[in-house]
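In this document, chain identifiers A, B, C, D and E correspond to the written order of the chains, with residue numbering beginning at 1 in each.
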Amino acid sequence: MLLNKNIPWSYIVGKIRLEIAAVSIYAISFGIFHKLLNLHHIMLPLSVPAIVGTVISLLLAFRSNQAYDRWWEARIIWGAIVNDSRTLIRQIKTFMNDPEYSVTADDFVRRFAKRQIMWCYSLGNSLRKKDPMLHARDLLCADEQRFVAAHGHIPNALLSLHGKDIQVAMERGWLNPFQQVELDRTLTRLCDAMGKCERIKNTVFPTTYGLYINFALYLFIILLPFGLTEYLGIVVVPLIILISASFLFIEKMAIHLQDPFENKPTDTPMTTIAATIERNIREMMEDFNEPKHDRLAAKVSDEEFYVL
Amino acid sequence: MLLNKNIPWSYIVGKIRLEIAAVSIYAISFGIFHKLLNLHHIMLPLSVPAIVGTVISLLLAFRSNQAYDRWWEARIIWGAIVNDSRTLIRQIKTFMNDPEYSVTADDFVRRFAKRQIMWCYSLGNSLRKKDPMLHARDLLCADEQRFVAAHGHIPNALLSLHGKDIQVAMERGWLNPFQQVELDRTLTRLCDAMGKCERIKNTVFPTTYGLYINFALYLFIILLPFGLTEYLGIVVVPLIILISASFLFIEKMAIHLQDPFENKPTDTPMTTIAATIERNIREMMEDFNEPKHDRLAAKVSDEEFYVL
Amino acid sequence: MLLNKNIPWSYIVGKIRLEIAAVSIYAISFGIFHKLLNLHHIMLPLSVPAIVGTVISLLLAFRSNQAYDRWWEARIIWGAIVNDSRTLIRQIKTFMNDPEYSVTADDFVRRFAKRQIMWCYSLGNSLRKKDPMLHARDLLCADEQRFVAAHGHIPNALLSLHGKDIQVAMERGWLNPFQQVELDRTLTRLCDAMGKCERIKNTVFPTTYGLYINFALYLFIILLPFGLTEYLGIVVVPLIILISASFLFIEKMAIHLQDPFENKPTDTPMTTIAATIERNIREMMEDFNEPKHDRLAAKVSDEEFYVL
Amino acid sequence: MLLNKNIPWSYIVGKIRLEIAAVSIYAISFGIFHKLLNLHHIMLPLSVPAIVGTVISLLLAFRSNQAYDRWWEARIIWGAIVNDSRTLIRQIKTFMNDPEYSVTADDFVRRFAKRQIMWCYSLGNSLRKKDPMLHARDLLCADEQRFVAAHGHIPNALLSLHGKDIQVAMERGWLNPFQQVELDRTLTRLCDAMGKCERIKNTVFPTTYGLYINFALYLFIILLPFGLTEYLGIVVVPLIILISASFLFIEKMAIHLQDPFENKPTDTPMTTIAATIERNIREMMEDFNEPKHDRLAAKVSDEEFYVL
Amino acid sequence: MLLNKNIPWSYIVGKIRLEIAAVSIYAISFGIFHKLLNLHHIMLPLSVPAIVGTVISLLLAFRSNQAYDRWWEARIIWGAIVNDSRTLIRQIKTFMNDPEYSVTADDFVRRFAKRQIMWCYSLGNSLRKKDPMLHARDLLCADEQRFVAAHGHIPNALLSLHGKDIQVAMERGWLNPFQQVELDRTLTRLCDAMGKCERIKNTVFPTTYGLYINFALYLFIILLPFGLTEYLGIVVVPLIILISASFLFIEKMAIHLQDPFENKPTDTPMTTIAATIERNIREMMEDFNEPKHDRLAAKVSDEEFYVL
């Protein structure tokens, strides 16, 4: 969960250190050659880099917008997962009609709730290409573990189990047909959220746009000193570095935002959100224990992580 | 409810007084050094700050847009809470089928309505990190207070109680299965609205963008006098302050809009909206009394509050 | 319904006459002082107002967008009210199952349809702070008038009556439970539309943005003649007025669009739309009379009205 | 269906020939007067038209966006009409439960399908203010024609007939209550699509924006030669015409896109889409004949038509 | 699936080689004529191409946005197809109520699942104007092949078969009426997705916008050397080529993104997505075989394909 605390400048500058180095080398060599060879007649009106600068500005604004939209959509999807997890548990608890208050029905609901917690962790881990079975031993019973392990797509297999259990509950008379259909709709929404995450994960931002922006950016940086040499001597070097940095930064930020499930410091805090869901669901099951320490531990490091 | 009345300029200027002070010190010292040391050959073409100015303008427009969208989304969510609260009460009143006009059923509806009022106040307070149990003694019965107090997430616990009550009503034959499912959908929408508020509350605007805009803004302000010194003497000082102020203001405004649940003068008027909901629900229950004075009092100060 | 006919320029210029007067006084006095005191050394490079002009352009584009979105959303909501009113009447007509073709059932549908017409007029009037009971004597029976008059929120009270009637129809066996729930959903959509109008009505555009744009605009206008004085003598006066006017206009247009329910010439043509709904509903009830003259009269003046 | 073929330049230039003529006269007379009267001291820095040019660019971008959105929304609505027409016929075919395979039921479905085809043509024609009863003799039976002709709003009357038929089918036991409600929802979506088309048709783009953009555009064009006269003699004339044309074009394109139901070459290809729906529905009814020639003929001219 | 790997620059430059050649010829001939005829007095202030450049930048940003939106919408639609395919199979599996575990019911579900796989491949192929019956022999039984082949719109015919099968299942008592309606809704969503693809496929980006941008772009390129000739001699040639290229690229990228179903290297990876759906559905049917090699082969070439 992108925290609102200070980030060391070193971290941020580190992101563009290679580019800055290249620009510095260019600027310094430009300064030296210019002085040595006395090339004062080779210069450009500043309007030329300015025209290129306007195009780049608009494209960087376009790119920032699209990257932000991907990042924000990822956050909206995980927000919907929180909502639908709460709704699913509320529904299963208040729909179940078991006049005998049997242990079986109670166990059934408890297993269902644990499976939903598992689904959240598992989806997060599979998006990050980590082990999607990480907390399976805690949260699934042996049968479920065996069933799920046979599948390539763990979260989808968990949704299938949810579906099967709802069918079982209807057969036993715990749910009526309307309630089955209503619970199935909540599963459909969870299935949609899962697919939307995969869409964002698997669709790269059109590579050519990125390449093009780089092309235009370096064209701009290369032209810049020719426009400035008329006015300034060696002062041109830091100036070019600073102006280049201000353009390079925007691009880097967009690149970091645009892939919100890549296990990078900037991605969506899925483990933290899953732990929140676990805490909510446990509360709804009137189990007021905190989530297990290893998951919380993961969460804490998570919080340290998402600082960008 | 952001009121349409005049705001003293002092208040607005106050928001950027530190930044303005720093810029003034820089501009004045620049003026003095320049005069004293006669550095007229150190100057920049105005196009250089202008290029940086174009980038900043686009980024500030981008930031204003995102901040406005967060603020407006918060307002839309609370608008939906108003609508779904009215819908919930209309449904519970017109769905209830109690041919005997029993006191029990009447009490049931009345308790349900009060609980919905409580939910609105409680959600607003928990988003502002104030006491979510504030009006519990007025609006919940003793049993409900005890149940809810055991939970960490009060508004979610209230929704669970709603769900349980709907189940009870169906068991007693007051509602048919379709009506139960339809009421549950209204609860689902309320649950979504609650989760959306939490998403906006818990997702900070990417910190690096803020940092970057600051970096580019101060680069621009630092470059500005070098571009103007050619033309003007001491007049450069107020000019730089005014131009800087016009950029700094936009950023501040975006920062103030972007967090609509932070208990700041600019946030969403949740107490006012909750009081409106209370008044609507009371009317629908044919109780034409005004909400209690302490809540109205809160509302009035609220109105004074949201003036930005 | 914003008509596509010519608007006298005088009307449009009238909107900014005060601002234009102030700018003219400034421009003329600037011209006189400059000439008299021979202040030719006090001048600015045109790039300085140009930088401020770029920021203002972007902010005005942002503001125009948000204002247009509010105006367009208002139009979408009233479009949805048209659709849902037609749907509601189609549903009540085709769902009613009355094998005896009783007069009671026929009257019931007729009363329902009239009440929906009333709801549309009443919502429009209450948004404009006019009398929401205006056509009540025509469109509601005595009982309904008495019930509704006791409420502060007339349109919401009318929806409650709709809900109650649907319940009555189900009790009498005219509707089955699915149809009751389906009709209730149409009411929910109407309730949402009503709440959305109130949200737009009650949420002002962040005042500080408006103030800030004014600040930047006047800074720009004040700087402008200093940038032009080098080139032109007295011609600067009309030029400054024209350029200022072109910026001031955009802001005024945004201000006029942003509040679509304020009983101003530019707002949403709610009376016209309500009359269209009345005509559609009457047709569906096979009553091919035109709406009453006084409502049409209102409509005509309405059409003259919404010309901006 | 806006075809991807070449458009003669003459057509495009024709759209702005009046404006271009006016600009040419202005530019030529400017050139002559300037030469004759030797007014070389009356000139402007190019930055002045450039500032106005930036504002206009942003407003033209804003206007292009809104016009494109209206055009694209119109296309989305007609796309939804295609989808919901297919859905409606699939539903009526697969929901009908007629164990006796009676001729009556078969005729019923066939009449229903034809009426839906009629609805599509009729909606397109009424939006274009053409005869909405155009294909009624082919597609409606005599009773239906009589009923519909009595109404002012033909497509809405057809939806009423759909609703009545669904009621009849339920009474005869061909549909169960769930299926009736589900079919009614498809009707509701068609009713929404119809209302959305009418909203776009009846809401003009705020006239003042258009007027204002014209004002700013001509201010820009009038200022332009004063900025160029310093550098160029008679070459200024074609240059001003070309630059003016590039601005005038954008506005014209926006104006042409913004009204997608105006029976102009640029509007939505509603007849083509309706013919596609007819072909799809006939296929679903296992009637593999092509739509009648006169409708196809209309379609072909349609295709020639929508080339902009 | 637009892969995140390096693209040879030659490929990208190839896309604009014709335009670049034309610009080069223009720039070189300009250089030669200028030198030969000594036309130094024919020059323009750089602000003139800069004004045109600002308009073009904004229009290219507008066009990039619309093109990106079309491409992203196509991706969202295919994401929804993934989700709804999974949902459809989960529903058919968990809704089927067959207490005798008959072979017939099992076969029925298996055939249903295969048909859904077929639908995905078939939709992709028909959008690309390839053979929509490509994998029919593997995935459909003989009866289905015969039925479908008689239709012009294969994917729509497959949805009709789905609908018929659901009806059959209800008649045999395998599904209850709620479940039939719920499954039909999933079919409706698939039908919507199909229609949305067709809408994007069949609606070309307004041709006039493209023509206009070309007009403005070449006006800009033609003006550019007149603005630069003052400062530079022969260096103007590469400079003009590079600046022109940076504008031409953006347009080309937009053109390539805007048609996501055109069987070009840049379109939506529909075969890959269909193979993913096949793998998911097979897993849900507990058939852990990979999709057939020929489909995978297609997929692999697909992956090589979508690199832009």
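The definition used in the following text is that contacts are C-beta pairs under 8 Å (C-beta built on N, C-alpha and C of every residue); 3 or more make two chains touch, one makes a residue touch a chain.
Given the structure is predicted, the values throughout are model-derived calculations rather than measurements.
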item	value
Rotation angle superposing subunit D onto its copy subunit E by C-alpha atoms, nearest 5 degrees	70
Separation of mean Cα positions, subunit D and subunit A [Å, integer]	39
Geometric centre distance via CA averages, subunit D-subunit C, whole Å	24
For subunit D, residues that touch 2 or more chains besides their own	47, 50, 54, 58, 61, 178
Cyclic chain order when read starting with subunit D and heading to subunit E	D, E, A, B, C
Subunit B residues touching subunit A - in the complex, by the definition given at the top	42-45, 47-48, 50-52, 54-55, 58-59, 61-62, 66, 150-153, 156-157, 159-160, 163-164, 166-167, 171, 177-178, 180-181, 184-185, 187-188, 191-192, 194-196, 198-199, 202-204, 206-209, 211-212, 215-216, 219, 223
Interfacial residue positions of subunit E with respect to subunit A in the complex	1-4, 7, 9, 12, 46-47, 49-50, 53-54, 57-58, 60-61, 64-65, 68, 71, 75-76, 79-80, 82-83, 86-87, 90-91, 93-95, 97, 176, 178-179, 182, 186, 227-228, 230-232, 235, 239, 242-243, 246-247, 249-250, 253, 256-257, 266, 279-280, 283-284, 286, 288, 307-308
